[in-house]
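Got a structure here, written out as structure tokens. Questions coming.
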Amino acid sequence: MQELLAQFAIFIIAAFLGFELISRVPNLLHTPLMSATNAIHGVILVGGMITLAEATDPIIRAVGFVAVIFGAANVVGGFWVTNRMLVMFRPPRPRVKRRRG
Amino acid sequence: MQELLAQFAIFIIAAFLGFELISRVPNLLHTPLMSATNAIHGVILVGGMITLAEATDPIIRAVGFVAVIFGAANVVGGFWVTNRMLVMFRPPRPRVKRRRG
Amino acid sequence: MQVATFLAYLAAAALFIVGIRRLRRPETARSGNTLAAVGMVIALIATLFVIEFQSLLEIGAAVLIGSVLGAVSAQRVQMTAMPQVVAAYNGLGGGAAALIALSEFYHAETVGSGESLVAAITVPLTILIGSVSFAGSIIAFTKLQELAFAGSVSFPLQQVVNALLFVGILVLAANAISGGAIIPALSPVASVVVVLVASLLLGILLVIPIGGADMPIVISLLNACTGLAAAASGFVLENYILIIGGTIVGASGTILTRLMSSALGRPLGKIIFAGIAAAGTAGKGDQEEREVNDVNAGAVGEYLSEEAQKVVVVPGYGLAVAQAQGPMRDLLEVLEAEGKEVLFGIHPVAGRMPGHMNVLLTEAGVPYDKLYDIEDINPEFPDTDAVIIVGANDVVNPAANDPEQDTPISGMPILDVEQAERVIFIKRSLSPGFAGVDNPLFYDREKTMMLFSDAKQGLQEVVEAVKNG
Amino acid sequence: MQVATFLAYLAAAALFIVGIRRLRRPETARSGNTLAAVGMVIALIATLFVIEFQSLLEIGAAVLIGSVLGAVSAQRVQMTAMPQVVAAYNGLGGGAAALIALSEFYHAETVGSGESLVAAITVPLTILIGSVSFAGSIIAFTKLQELAFAGSVSFPLQQVVNALLFVGILVLAANAISGGAIIPALSPVASVVVVLVASLLLGILLVIPIGGADMPIVISLLNACTGLAAAASGFVLENYILIIGGTIVGASGTILTRLMSSALGRPLGKIIFAGIAAAGTAGKGDQEEREVNDVNAGAVGEYLSEEAQKVVVVPGYGLAVAQAQGPMRDLLEVLEAEGKEVLFGIHPVAGRMPGHMNVLLTEAGVPYDKLYDIEDINPEFPDTDAVIIVGANDVVNPAANDPEQDTPISGMPILDVEQAERVIFIKRSLSPGFAGVDNPLFYDREKTMMLFSDAKQGLQEVVEAVKNG
């Protein structure tokens, strides 16, 4: 019970942290951020591995197998595609601002 | 053990959260923020109460008594003085910016 | 070992957090993505110790298949198809969460291990959120890939149907948890399977009515949902990295969705509950028959090569759909070869995905330092001779500044192309864009030339005309 | 009940977090403080259930004493004394943490309950950090209240002494943990008591060499330390609200300290390790004998009432120490009565505490909308007839803009008072301020009038002069 409560506390604090992490992100980076966090939730692959490893029943084994495939595709595809996007986001050179004459 | 690890996880995530919470605070609010977080760590009063309540020995009882006094002064004084400061921080009216001719 | 795996999980979580932090600034974004990926590798290796290297062969095979699928698709996809591929990966994650919860339930039922209250709540929750995310993402993918359900598909009573479906899911979930106390005919496992199917249906019905143009926002929301599903499955499996990683994605995804919808001026509530599909209005307008200065590519080419010295290009959604980045770069090259100054004005919401235009143009070989954002390009217009607007409308529509009009784009900062000497639109018709607001500039026959053409073809013709001119 | 108290603790933590979030913006800051206080009340009530209402009478009495002490001091303290009172409360919190850890150790030793590894580490840690924070804060208080140790007190080999002390503390802590294995003569309890005493000494030695002007930064750092001590004591007592609340204060306090030190241009490392005390240099300068335009209050009053139409006042540290807010407001009133336009230019680091000037002036009755920050006031200077600089130097020192000079204030944005027609300094001498950088404006005899006087007295005389003039 105590451990469950601690997990719940982690959940609440991590939620606050998630809210704080995203603030004043330039529009330009919305898509890469979405794509990278998308890759991060691919951590569900961990769950798929556990399910598959603990499977005693062929049905669960099959389901777990599919879950691992899904998770791995989410992780690898997510990080890969984000990287492809970001390669093209070289930082803009600071420009000397002109004053209105 | 498991619970201790969970507590450690809470510590780490809360630390990240604390870092994120303070960013781009206007200079104006540095002192009230310091003073308010100062009041919040007065939550140590909780520890003082627990120590005093569990005390079996007169020495601990005396030490706990002092700790509770300290903690209570930290909490009450901290929030009170922060409030006094903030009463004087009415929001500045937005000003129409002049353009340079 | 347990302590070590736990600490490895914490390190992975810390890397996720630091990664997201770094993704907030263009200079550090790429390293942020890499750090998060390193965190993932650490989490996966730690998990091998958690499962004590059981079923390694199967896991290895499945990971290999998934990785290859992911890597190949990620490498092959065109930059214009970014939103749908993100949707696809997201759906896979949601599906995985649902499947995991399903098998945990089945396992607990068949082995008969006593279910804790937490699992009783989180298992159906994970199945619900995961399945909605899976099905919703698939629909989003289908729409964006233009396979089916184009535009906004509405059906009668959709709100009512969705509500009923949701209640049904709750009842079935309660039935599963209570061991069949509510509908004795349905066994717990059968109930959970029905919950899964019904949730898939709900996901489909929720996303189908939403217009394709709102999809980036919907995908971001589904992304947050998958994060939540991962967190919920963390409670099911009592796994800390799932709880932490999932929660952070769930929370940050929610905020990101709000940021995106406000950057686009589209209230989230409207998108989800009304399925208002502004994109559907494009091309259906009933414009009055007002005259425009309709020109051909030759005239544009002539003006550019003979009269214009400083040219600003404003690309929009139409450039992306027409895949006209190549001809765009060609035009840049021929104009520069003639000694013209050419700049690109990139509005932050040009296109259908934030950052879309920058990515497309840079990929096609337009130098990054020619891309100006709104604050930097606006002061350039007064001494610009020609603005070429390719497949864009909203981002240059002066109606946004008109205090008398109340339009979806009112108040949005726009590119002040009006200030330039001449404005040249390359688009297929007079139909407005995403927001469905008619553009008064079209009808300014003094200033504006309208080249009615597909963006790709039109640009190619203009390139030829400039070359020969 | 355990679940309920846990959830109450979580609610309290959430209120702390939301409170800090709201404290980041002036409009919501006050409500943020209130929310955090509500969170504290919830945490304390929940704790009553945790301790099952034992020792209620003693706890009540101690809380009452502490609360009265806190409330009375908080209500009575003058706004100029804010930093030291924050230091005092902070010290009390640190002291409480040390005492709690001490009694937990004593309890475990005497009752003989097996100590866990965690407690073994966290108990001495809490005593160390808590005591350093306590003693350091007391010294900071003493300095700021000008009771003793004014300026920078340095002694030979201070780094070495501190390092030795620290090592000694570690050895004694190890002795205590190991049950006296290292120094058998010293019992564990005695070792811990010595750790406490040595940590107090360390706190004193660390803070004593630091100049009074750096104190706000030091207090902020000690504040973060106390947060950390509270978190460590949370591990000792296995109490979640202590862990969460303490950690958040520890982390946010660390960042806040960095923000403050960079706003003031004082690298943290220098402050802590060198005890360089720029404040000590004030008044000791060896200015060359250069001539200045030395005037009396009558001349200033005459100029103000006869020649000036638009007046900007720049208050600084000297105004605060001289407690000259009242005469400042009087001057505002007499000038406005004569139909002048009067504005206040408030530099963000004017004074010795961020936000100091705003608080002082508003308290004295200067309307808030007359206070302009640096960006808003600088464009006003070109058509200003007179700038009155009261007890300030660094914030108006043009040397900050001089690329040839490398001074502590180089690069700091300053108030461009040079642009105004006339500049009037009210200060006691030609000595520079906090940063110790001489001000070329003093010697501009065309533009500048120097009124050498205490700020309070000088302003009073100017008020009289304007009235009679």
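For clarity, chains are labelled A, B, C and D in written order, and residue numbers in each chain start from 1.
Please note the rule applied: contacts are C-beta pairs under 8 Å (C-beta built on N, C-alpha and C of every residue); 3 or more make two chains touch, one makes a residue touch a chain.
If you're wondering where the values come from, they're calculated on a predicted model, not measured in any experiment.
Select, from B-C and A-C, the pair of chains that is joined by more C-beta pairs in contact.
Counting C-beta pairs in contact, A-C comes out ahead.
Measuring centre to centre with CA averages, how many angstrom lie between chain A and chain B?
32
Mind checking the centre-to-centre distance between chain A and chain D? Centres are C-alpha means, answer in whole Å.
40
Would you kindly tell me how far, in whole Å, the mean C-alpha position of chain C lies from that of chain A?
Chain centroid spacing, chain A to chain C, equals 15 Å.
Give me the residues of chain A that touch two or more other chains.
Touching at least two other chains: 2-3, 6-7, 9-10, 13-14, 16-17, 20-21, 100.
What are the residues of chain D that contact at least two other chains?
17, 21, 240, 244
If every chain is a node and each touching pair gets an edge, what shape is that graph: line, ring, star, complete or other?
Contact pattern: none of line, ring, star or complete.
Where do chains touch, given as pairs?
Final set of chain pairs in contact is A-B, A-C, A-D, B-C, B-D.
Inside the complex, what are the residues of chain A that reach chain B?
Within the complex, chain A contacts chain B at residues 2-3, 6-7, 9-10, 13-14, 16-17, 20-21, 99-100.
Please output the residues of chain D touching chain B within their complex, sorted ascending.
12, 16-17, 19-21, 23-27, 29-30, 32-34, 36-37, 39-40, 43-44, 47-48, 50-52, 54-55, 58-59, 61-67, 69-71, 73-75, 77, 79, 82-83, 85-86, 88-90, 92-93, 95-97, 99-100, 102-104, 106-107, 110-111, 116, 118, 216, 219-220, 223, 226-227, 229-231, 233-256, 259-260, 263, 348-349, 353-356, 358-359, 362-363, 368-369, 371-373, 376, 379
Once bound in the complex, which stretches of chain C touch chain B?
It is residues 2-3, 6, 10, 13-14, 17, 21, 240, 244 of chain C that touch chain B.
Would you mind writing out the residues of chain A in touch with chain C in their complex?
3-4, 7, 10-11, 14-19, 21-57, 59-61, 63-93, 95, 97-98, 100
Flag every residue of chain B that touches chain C in the complex, lowest number first.
Contacts found on chain B: 1-2, 5-6, 8-9, 12-13, 16, 20.
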